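Remarks on the structure that follows.
Chain IDs A, B, C and D follow the sequence of writing; residue 1 opens each chain.
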Amino acid sequence: MERPNRRVFTETLLTLAKNDRRIIALASDSRGSATLNEFAAELPEQFVEVGIAEQNLVGIAAGMAKCGKIPFACSPACFLSMRSVEQIKTDVAYSGANVRLIGISGGVSYGALGSTHHSLQDLAVMQAIPGITVILPADNRETAMLTRQLVDYPGPVYMRLGRETAPRVYADDFQPEIGKGTLLLPGDDLTIVATGELVRSALDAGYLLRQAGIAGRVVALNTLKPLDTEIILTAARETGALLTVEEHSIYGGVGSRVAQLLGECCPVPLTIAGFPDEPLVTGNQEELFRHYALDAAGLAEKAKGLLRRKQATRR
Amino acid sequence: MPWELARNAILRKKTAKGWCGLKEDKMALSELAQKALATRREVLRLIYRAGAGHIGGALSAVDLLVVLFYDVLNYRPEEPDWPLRDRFILSKGHSCEGYYAILADRGFFPREELASFMKYQGKLMGHPHPKVPGVEIATGSLGHGLSVATGMALAGKRDHLPYRVYCLLGDGELAEGSVWEAAMAAAHYGLDNLVCLIDCNGLQISGPTRQVMNTQPLAAKWEAFGWEVREIDGHDLQQIKQNLDQIPFTIGRPSLVIARTVKGKGISFMENDYHWHHKVPNSEEYARALKELEGVGPGEIGA
Amino acid sequence: MERPNRRVFTETLLTLAKNDRRIIALASDSRGSATLNEFAAELPEQFVEVGIAEQNLVGIAAGMAKCGKIPFACSPACFLSMRSVEQIKTDVAYSGANVRLIGISGGVSYGALGSTHHSLQDLAVMQAIPGITVILPADNRETAMLTRQLVDYPGPVYMRLGRETAPRVYADDFQPEIGKGTLLLPGDDLTIVATGELVRSALDAGYLLRQAGIAGRVVALNTLKPLDTEIILTAARETGALLTVEEHSIYGGVGSRVAQLLGECCPVPLTIAGFPDEPLVTGNQEELFRHYALDAAGLAEKAKGLLRRKQATRR
Amino acid sequence: MPWELARNAILRKKTAKGWCGLKEDKMALSELAQKALATRREVLRLIYRAGAGHIGGALSAVDLLVVLFYDVLNYRPEEPDWPLRDRFILSKGHSCEGYYAILADRGFFPREELASFMKYQGKLMGHPHPKVPGVEIATGSLGHGLSVATGMALAGKRDHLPYRVYCLLGDGELAEGSVWEAAMAAAHYGLDNLVCLIDCNGLQISGPTRQVMNTQPLAAKWEAFGWEVREIDGHDLQQIKQNLDQIPFTIGRPSLVIARTVKGKGISFMENDYHWHHKVPNSEEYARALKELEGVGPGEIGA
């Protein structure tokens, strides 16, 4: 049964932490959202609660990292990536502290709670800070396996996890790797490049396109930085058109990073699917995905538009 | 400037009688109590219908909100931007349900709007936003409200206007450093037109505030930061009213009200239980809770 | 005589404020860097000092804006755009407060003071926040005129100004407008799109290219958001290759925004000139520009490389 | 845990004698005074040569740094990552000149490196960065240091290690809310292995701290935040030493030292003048200043 990635993360972390005293979980009154209650109860000496103080969360984590700990600082992505971003820039990234920043309930997970609770700028700012690996797992399996890899991964990391149940994407023998994209569906008409928990919608869009006779390739990125440039450039060369998909502002995230790569190496038509640069309507995550055409049907439509554009330029 | 203080006192009196948007005269305590009860019922209903919301902190804040909006604040619901209005900022923005219920009851927007709470394309989100008439600023991220309130109070001072600014914070929220930045600045500028109220229910999401991150002792902290502090029972309408009638507590200083409250107040099985920070009652719990909040009278909201 | 843009800004603001009581200047122990000492002395009732507290600076400015003031919150760009960014997102942008955020000594103005003092992520994060106009004037004249336009410009604004003397770009009759790009030098071989105080270097690079027989067009953008898409798309169509120039990370700023526009409307070869995604060497602004090939000579070289790429793809 | 405290005391004693990297025994006060003078000279030289830097706050902090690095802290310059070392964090990172001078004198890096201060491709930037041996974390943005120090002290507690963490802040810096987040958490976790020193020189960039943004009363604030507070003369080497020898001031609480200092200390025409926060002396001023700092003795740094 599928579960929320944040829950899978915490369970994995607890298992790891039982055999590795270096691992510390930190929360900012975010134990519930991060599902860290069990961790706090079982390993109180490896748990740190800082209260509602996200700047301090990151500073403390950096200090502990510099003393040999492997801190996982878990806080809602909206607050972690904004309220404490200067600490992330300076105490973590610039100082090279091995902190794992876990952005819980990322994107529009919090739906109708409004913009204060949406993290739609996190990829933009994290990407622009040198030295941070930016990870967005798609499903439970990937979350568990990347969490394991995180323990001894060098340098600071930002990992964003969703709040709701994450539908399965990968088979049981899938071996994800940080920094390596995955070809999910072959095809040569165009490529959908998706990240995070929208990978499932992108894959479903790929199937919808098949039904419409379009061979859409689907590629998943679990890491925005460092980017798997190889898989994207291959897709650009072989399919000649890319649709990027992300739970983020259309500016500064996956789409803009891919746009940059294409412009610098292989200019082809591109469509960026994400949240528009305007205040969002009220709604839960699913409603917002539908409203802004980020569900499978919406993505398939965008892909068709892109294909028409590709064909028009070729003519 | 003592002359200004005297002038403001006169202006504020006039305001309450003549300029103010309140149709009725000041309410009797019994009426306020009815309003509080009705507001609690509406909080419960909103959250039950939406299947979401933050019930514990909404209920602990009701009595403070009721005294503020039915007795203390000067405003004009039909002219929400009236420049002389008192400003209110719900820094603990997650407690928006009672706030919405009261704004609707006071006529800032039609009561029917309440049905859209957290609904697709609705106007009322899970945290306040200024597109809702009566809301001054978006809150929901904790620790922002007092800075904004300080800016508003400072603008009032600079323009020699008699309005006051009231800001409501949670006790867990006091762990945010930004609160202390604002506290320091408000005292530095001697903003005696600024009132900060702490909904001191002793709990936050993860448990008792003393255990999660102890923000106590509140009085000593705020006094050291230059505020005049009073501690009151946050569910005693008369005490709330009496103290808010004495603003500023000291000339030349911002006023702090530490309101001792009970999280989940009014619904026995929610009281003092941090799990009810944002748990949503099931149908059986809803019925039971509604029953506990029964009461009749003219003050009933949204009945 | 040319002067630093921050100084021109403050003088203009003081002149405006003398006749407009709505204007408030706010500082966070940044009076010196913002050259606000004279303002503070002449108009104490329109000046607010908050001390070293950038979050509070923005919150207070938002509160004053909501009471009818036109606050100019002036603080080093590195702190303003990061330490207080969640206040910018929520209190200013999401709440629609008419605050003018003035990022002083932006980019690498502070040079050898190190990364803590560089603002190389500000454009990325501001661009991703809905509702903020992002302005980067090039020279003294443009700074003065845009400052005047800011007073009654609707909605929140982030304007970034440099610390050092800004060399002249524009003639005395130039009429800049927020949101409108300017053609500085005609040419059809390729286009250099530059922003902020690097416009001068871009223009000089254009002259260097001329000497080498290359007709490089030079376009200046004083506004990143809203973007003058017209002038960029025209350049893309007419010159077939773009080099963007910014004092910012190569990720999330002007280059990535232009890349996105090109990918979505007119895919052509692109080169993004900015600071690489790595810790910078020690140096003052000029040394850093030279080191990272953002001076005129460096830009001209980049342009030549781009031209070769354009010609290769055409062949 | 009293047993742990006793154990740590023993371990720390051992450390000072045996494990520690210090070649010489503890210094006499007169030697410390020489070091302070030499450090001030080096501060002046670094800033004059670089044509940049923050001289006022660097000079006010010298005596605190000297006592810390020549008397109090346990460390091994040849093994800067030694796990049992005491940690020092210069939260007011702009005062790096004295810090660099002392680190070089203690052997963390070759003295010649000082010549690269703020120079193109040099190792020593205008604010500390951990690529410089002896520096624990990058500072320069104010208000970060105490959180990091709190994390280090907490890690020490969790691992039952005897090291201590010392953190130096400016008095203007205390307006940053993040400082109070850290202060609250350090007290909450009873970090008596954490020492915060305030370089209380009464000035910041724009003027007297009382006017810019009054962070006073310091003692009342920190006490309310749960710290044990002592106020000392920040230029009296003996007083500094005596008080730092008594850490923790109280078992189970973090220790705060309010050091009354003079900005620009040691150079008469810079003293108590906020313009010298980051003004760079011209050649005439340089000569005059150097003359005031003359003094001879074995402790001279970089002579």
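Observations, loosely collected:
The working rule: a residue touches a chain if its C-beta (ideal position, glycine included) is under 8 Å from a C-beta of that chain, and two chains touch if they have at least 3 such contacts.
Computed from a predicted structure; not experimentally measured.
Shared contact partners of subunit C and subunit D are A, B. Here the spacing of subunit B and subunit C, counted between their Cα centres, is 41 Å. In whole angstrom, the spacing between the mean C-alpha positions of subunit A and subunit B is 37. Averaging Cα coordinates per chain places subunit B and subunit D 44 Å apart. The residues of subunit D that reach two or more other chains are 129, 138-141, 143, 175-178, 181, 184-185, 188, 213, 215, listed in rising order. The set of subunit C residues that touch two or more partner chains comprises 50-51, 53, 55-56, 79, 83, 86, 90, 94, 115-116. Taken as a contact graph, with one node per protein chain and an edge wherever two chains touch, the assembly is complete, since every chain touches every other chain. Of all residues in subunit B, only 143, 175-181, 184-185, 187-188, 213-215, 217, 220-221, 223-226 touch subunit D in the complex they form.
By the touch rule above, subunit A contacts subunit C in their complex via residues 79, 82-83, 85-86, 89-90, 94, 115-116, 120-121, 124-125, 127-131, 225, 242, 248-253, 255-260, 262-264, 267-272, 276-279, 313. For subunit C in complex with subunit D, the residues that touch the partner chain are 27, 29-32, 49-53, 55-56, 78-79, 83, 110, 112-117, 281-284, 287, 291.
Subunit A makes touch with subunit D in their complex at residues 24, 45-46, 48, 50-51, 53, 55-56, 58-69, 71, 86-87, 90-91, 94-97. Residue ranges on subunit D touching subunit A, taken from their complex, read 83, 87, 129-130, 136-141, 144, 146-156, 158-159, 177-178, 181-182, 184-185, 188.
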